[in-house]
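Here is the structure we will look at.
Letters are used for the chains, namely A, B, C and D, taken in the order the chains are written, and counting of residues starts over at 1 for each.
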């Protein structure tokens, strides 16, 4: 057995299985055990697991974290539903076990995280910014959560820098042509058979444009981000929110 | 003097100047004379001009064509405002001078013409089609006229082939996110500083997509299409509408 | 049972399974039977199969076709290895059964077929043409077969139209920067983790460019082309080579 | 007169004229005077100019800087030819006038600067990185200087992070297909009529890709970067090399 020992909560789910595979393929990580509904969390302690990945359900994730932190096990969490109140509770547990690190992140796709960061950094240097997101036609919401969040970050960065609105001389618009508007940023949602999940941030100023495009071609695209979390979290005690905090940006 | 002799109506306007330059640069064409407001149309006859390019104004273009056709001079026309009634009048003049050819086209950008043609041809083989057009922020209308026309051609091709609507499971939409809808085709209009005139047609089916993109980076992009018209029109007596009719597609 | 009855040769292979699934999902097609190694071809006759899809092996495809044609069954063939001699043999069999239609195609991805066709049609209207193909890093050959074929078609179209070489003032080149050259067309091969199979044809003239891009995001991208063949082949007796022949272009 | 007072060296050159125009259009800047060949540098002192922009020639730029620094005038310099020896000389002059700020930058296109920065930051999180640059066909060198520099920055970032080479299973390559290699990064150069100056950095890992694209559509694309320098340099005494140092990244 070599490297960091890693267990998986929800190891038989679709995402869980992909994470088990990714851990097993990594030379510097050793997969210990999976815990699913009905299994005991003590499996992790019994196998000297150092880091546990949790992609489960809001109903059980708090119990999971309570156990892991109390037992000195680091956690990388992709489960949703963390209110500010829940985060406070987790911080309280961590205060009692100050060596443990917990990462909670809404998005583990490295490209999505980088896209948002770069877009927010670049936003104030350009006159215009718009977002185009493109997804498979089974998607229920438009725009996507990532596009909405990206527009918010861009809007905030521009507001903080005192940048005015993007110029727009449109006087005659067919309803919807100019997209939705989120914090002053126009967002367009394309739905197309054959696509998976894609997003472009377009920034423009006199004579030049910058485009930051992220393509997820496979559901496995969260795996590299989860592994980055697994490798980094032991060196980062306390609560970390968002994968970008572990990145050197 | 070698090749086809070419004159220009409106030679001192912005477009006219660009056409004069393009004609002078072409080895197989010879520029004869420009006629502007106040000049006599007889300059063309006096200089044995074979083809005249007309980018003038709806108020004068009919008088121009009457003279040119009566004097056996072919015409390549980018001036707008041709109603069906006007076209009938031109056809009548041409019937009396059956060797003369006249091309009237709303769009001389070869790439725009090809994009529309290819999009219409491909449309029935894909489950989904959407159009994204991107322009400088001084543009008043959204979507662009070319995008509107492209969507109409796609919609018509799909209707004729009996293809159903593009799949779309959107149940929660922020107003405008899914764009405008033209003949069943979603059209999105981006306005961005630094851009000129650009359009993407996206087509998708299971596991694959096809994208046809046209970029106009300079106002001179009509020149190659005008020269194509100049070189072809003598061999095409009668009235031709649309540059695509001269292309081997 | 409704619509066309369809059988599959090699139904248990990866491609065969995908085709069975696609046939079963189509309302206007009925799946009859699969024939794999060791099974009798008579299964097809016994089940009144009208069209058989063959994605098998060069070693057995000729025997398959001999039986199918003799028994009045149409065939859609993606198996490779058809020399001119083999095609002649198939034509001979078809001459004896003039109502039977056989489609043999090297590429069933509709987007790839359309891309090549559109690129060849557009090539003579542009000063410059280059091809960029992008694939996963496990690919052994560079450029891809499709890119090579695309460049050949472009090169031929330009030669036939008497178009000169693309302008290129490069005097100082780092070895390989300008790509490979196929029939006068520069071809660039990108290999990138996360990609599947993608290709861009870039065409440019004064002030404008046209880009035709094809993305295969999934191995299933041949399915729509196979179904197009299945639906069309009964109305097209004799030998048809290439999916594009069945398309209305 | 309001805001920062700005003078221009080489004000009658193509670049200089564009800068004068940009300064005059900016509400927070006031254009004072242009100095060209034969004019006295004292014009700047006489007009209380605070910042001077220098896009001149390596032969004269050192004399210009000597005067400006000695007279307490900040400088924004796009002129090339700065060896380490020259930079040392400038640092010496600045040491004697510690309130003066000088910015020397090889590239004032904000998008090019951001692209390089983002590419270098993202490079270590991806298995694969390649660069595709696309320019007009009059360009003499391939790859472009910016692409070469981008590849160097990517190569260095990956080396520092201990990331191995991008995976590549190519065993059969048509000469040049895989591009040039700069510090382990494959670089492809497209030359196409109609293009100006464009670059894409493609990064890929399992299931996802990130693309950072920069398009310069007009020679005026250096203007926003020059203005950023003009507005920032007074608050940044001493020598600053590279526009990115003034950006909040």
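Things worth noting here:
Keep this in mind: contacts are C-beta pairs under 8 Å (C-beta built on N, C-alpha and C of every residue); 3 or more make two chains touch, one makes a residue touch a chain.
If you're wondering where the values come from, they're calculated on a predicted model, not measured in any experiment.
Ranked by separation of Cα centres from chain C, the top chain is D.
Because chain B and chain C share one sequence, their contact can be compared position by position; here over half of the interface residue numbers appear on both sides. Between chain A and chain C, the centres computed from C-alpha atoms are 39 Å apart.
Centre-to-centre, using mean CA coordinates, chain A is 33 Å away from chain D. Chain centres here are Cα averages; for chain C and chain D they lie 46 Å apart.
Multi-chain contact residues, meaning those touching two or more other chains, occur in chain C at positions 126, 194-195, 203, 205-209, 215, 217-218, 221.
Interface of chain A with chain D (complex): residues 22, 109-111, 114-115, 118, 121-122, 124-126, 203, 205-221, 223-224, 228, 247-249.
Touching chain D in their complex are the following residues of chain B: 194-196, 215, 217-218, 221.
Chain C makes touch with chain D in their complex at residues 126-128, 130, 132, 134, 137-143, 148, 166-182, 186-195, 202-209.
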